[in-house]
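The structures come next, written out as structure tokens.
First chain A sits with chain B, and in the next complex the same chain sits with chain C.
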Partner chain A sequence: MKKRRLFRILSIAIFLLIWEIAALLVSKPQIFPMPIDVLIAFKVLLLSTGPAGVEWAGELLGHSLISLTRVVAGFCIASLSGILLGIVMGWWQPIRNLIEPIIEILRPIPPLAWIPLAMLWFGLGFKPAVFLIWLGAFSPILLNTIFGVESTSKNLIETAKTLGAKQRELLLKVVIPSAIPAIITGLSVGFGVGWMCLVAAELTGCNSGLGFMIMYYHWTMEPAKTIVGMLMIGFIGLLIFMILKRIENKLLAWREEI
Partner chain B sequence: MEPKIKVAHLSKVFSDTKTGIDTQALLDIDLEVNDSELFCLVGPSGCGKTTFLRIVAGLETPSSGAVYLGGHIVNTPGPDRGLVFQEFALFPWRTVAENVVFGPEISGIPSSQRKQIANKYINLVRLAGKEHKYPKELSGGMKQRVAIARALANNPEVLLMDEPFGSLDAQTRNLMQIELLRIWNETKKTIIFVTHIVDEAIYLADRIAVMSASPGMIKEIFRINIKRPRDSTARSFRSYKRKILNIISAEVGDFST
Partner chain C sequence: MVSGIKRAIVLITVILLLIICSGVHCAPPPEGEVRIGYLLGDLHHLPFFIALEKGFFKDERINVKVIGPFDAGTVEMDALVANQLDMGYVGTPPALIAAARKVDLSIIAGVNAEGSALIVDETINNVSDLRGKKIATPLPGSIQYVMLGMLLAENNMSYRDLEIFPGTIKPPDMPGVLETGHINGYIAWEPYPAEAVVMGVGKLLVESHDIWPDHPCCVLVTRNDFAEENRAIVQGVIRAHKRAIKFIGENPEEAKSIAVKYTKLNAKIIEEALPRIKFNYMVNVDGTRRFVKEIVSLGETGVISPIIRSEEVPDIDIFISKVIDLSFLEG
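Up next is the complex of A and B:
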């Protein structure tokens, strides 16, 4: 355990060292800042006044909060709609036959291709961002839920029937619990895609949020601040993944180890 | 006395919709199983014994004929018939106790009473102390004990067992046979037990129906007049075994020629 931690620190140190050397070789801080420049930028962004509405939080945390609000809203809507529709489509074949073609047509369109329409329909800011996150997160959640529902063991369904379960109980007490691992996989993948869509949406259709922030400092030619924003995007993504993983482990204590 | 289960002229044809070929799985089966009887079905694999059990359980519908339980016709699954599969089929997300009370939970029995039911049947199958374990933490034999307890917790009229010990090792299998006889003695349930192992059938059964394959028919029914516990090396035991094996091997012989 201790050894692993040591390697982690070592790995990050090597990364910083390579970065430092590369920056020294390039030696143009205005296009390739050194780690120390980024650290200074981090401090500046932490202390400067935040975007409208969250001035108190400072620039970096303010934009992070705005991004998080958007992603949580979009992700919740995507989870709710994806899981519900997935259960319905996985369980009732006629409904699946009815809806699947629409999804099959729309799914290959990358969520980012919806940005123009999102801006046309919802303007700028919160709504188009949430719409894009929903678009990105929805289909992995939906498809994994359908898969989880339809791969419910036939044996378990028959067992439940012989124990007196009817449709309602089959769905609530057999099919849904057995689909939960697949649903959680869908949620993690969906979150990843949603997070990516959020940044893209903020790059183009917002004037706040981390995506906006990194683009803004691109225009002002302060790449160190752009890098701070990028690192924050990565850090928040990692944090949420770890939270999802923890929920998964807690919820799925019953699962066979592979 | 009225039989617990009556099977009348039961036939089952499976139609393959792709090839259009019909398979006669069961042909004209007539059978009566008495209350509290331990009835075994033996036969070569593919003789339709599982299909027969699934029809009694209500998971398949007969092509013709019918199954009656206590005088009423059976055509859907129901809590009056408990089924135990070879593959245990425990709900992996439920603990032992939660698995056992699945049936009572569905029939709306309040949780305080469910706790008593769980205790009663977990004790019956001798799994006290394992109530809060998940199926993945149990051995094969323990899993099958849970499956039996779960089927019994619904207080069914009949217990249907489809090669329940088929995936267990030989020692565990012998132990489970002894356990089943004990449980049967304590609960006085009617049991229909399907197996392809003749020794197992003779060790357990009051009566054995020997089936033939394609189409699945009942060739002969034996009443096993040996006092329990039975010794598989005893002369009387071996004589039943010889008779039953003769029927089965004649069947398999017919089939191969």
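Up next is the complex of A and C:
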């Protein structure tokens, strides 16, 4: 364990050293800042006034909070719509046949391609960003739910039917509980994809959020601040991933016990 | 025999003199290649399109490699820093921001003055109606953003009296968003104001000429290391650029059709927009100085996050004299 930690620290130290040497060789701070510049930018962004509404939080944390709110909102809507539609499509074949072709056509379109329409349909700020995050998170949740419902053991369904279970009971007491592991995997993947859609989402009619902050400091030619925003997206993403993994393991602990 | 030798000497002398004269006075124009960038759909860059279309660069024996179009001035400046560009048609603010960040470039000619406008929907009939309305602008450091502030100040208002969306919507998207009713108006450079007027989705409230006559706008910049090594090429580009601006004045109809070809916009939009753009190769030095002062003070008073800081330009006069190089225009 100790050895593993040592290697991790060593890996980051080597990465920083290569970065420092590369920046020194390029010697163009306007496009390739040094790690120390990024550290200074981090301090500046932490202490400067935050965006409207969260001035108290400072620029970096304020934008992060706004981004998190948008991602959580988009994710909640995607979870609700994805799970509901997934159960319906997984359980009733005719409905699935009806809806699947549309989803198959729309699914490969990257959220980025929806940006112009998102702004025209939903205006500025919160709504178009949430829409784009929803687009990203929806598909993995939907597909995993369909898969979970579909792969419910036929034996289990037949046994329940023999015991007199009605359609409603069958769905609520057999199919959905059995689909939960797949749904949780879908939620975890969906949140990750939603978080990754963030930069694209916040390019649309937003004047706050980490995606906006990254672009803003690109416009003002301050790449060190852009890098701070990028690292923050990575760091929060990693944190969320770790939390979701822990929740997933806890919720699905019974699977191993069976 | 003697007269024959004399005749030969005279002939050789005449030939030598002719060769020397042609070398001094009729030197062939420079020959070389230059990479020039420009911005997407920006009608202000018409002189560049004209010089390309009419072969003015070729007449100077310069092979122009067109780079772009770039969708933002800063991206074009990034390309300049990364040595992917030698010269560029770009807005004054990105050039100044880059110079403040110690990018070794110079503004060597003007492209146009004015050429922006404030477009609004039917709920606004005069400047005081702007109070409380949703108005989109390009980035906080843009000339249009600064001019909106000037207009508001003239009418005893400030940015805080409006709901401003700076840098939130890219200018090409502004007419469409105005049509949906999500904003009440916008200030932008041409052809985007003209587009809203022609599409019938907005009306012109104020031209930038009425806010700040002759305000600086687009300029021609060069990387200093390129200009030092290729002075003759840069001068050739400027000669072609001057010729193109003269051409627009003398051949407005042909200029319009070239604008349509290069921006791929409807001819009606070009016709609406062109009269508001003043093409001029002179650099507005005083206007540029005033603009830097405005931007520094907007950052210092906390209206916007500082874009050009006073510590980056401790003496604005020295900064301006370093960043603007008029020697190519004069030479």
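We adopt the following convention: the second predicted complex is superposed on the first by the 251 of 258 C-alpha atoms of A that agree within 3 Å, B and C clash if a C-alpha of one lies under 4 Å from a C-alpha of the other, contacts with A are read in each partner's own complex, and residues count from 1 in each chain.
The rule we apply is simple: contacts are C-beta pairs under 8 Å (C-beta built on N, C-alpha and C of every residue); 3 or more make two chains touch, one makes a residue touch a chain.
All values derive from a computational prediction rather than experimental measurement.
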Practice problem: Quick one: classify A:T159 as touching chain B (first), chain C (second), both or neither. | Solution: first
Practice problem: State whether A:K28 touches chain B only (first), chain C only (second), both chains, or neither. | Solution: second
Practice problem: Could you look at A:M119 and tell me whether it touches chain B, chain C, both or neither (first, second, both, neither)? | Solution: second
Quiz item: Touching A:E104, do we find chain B (first), chain C (second), both, or neither?
Solution: neither
Quiz item: With the two structures laid over each other on chain A, which partner does A:G205 touch: chain B (first), chain C (second), both, or neither?
Solution: second
Exercise. Determine where on chain A the residues touched by chain B overlap those touched by chain C, and list them.
Key: none
Practice problem: Note which residues of chain A are touching chain C in the complex, please. | Solution: 28-31, 48-49, 59, 116, 119-121, 123-124, 205-207, 216, 218-222
Exercise. Note which residues of chain A are touching chain B in the complex, please.
Key: 153, 155-156, 158-165, 169, 173-174, 177-178, 180, 253-257
Self-check item: Parts of chain B lying in touch with chain A, wherever the complex brings them together
Solution: 57-59, 77-79, 81-83, 85, 87, 89, 91-94, 102-103, 105-107, 134-136, 150-151, 154, 160
Practice problem: Report the residues of chain C in contact with chain A in the complex, numbered from low to high. | Solution: 72, 74, 77-78, 81-82, 97-98, 101-103, 134, 139, 141, 165-169, 173, 176-177, 180, 182-183, 302, 305, 307
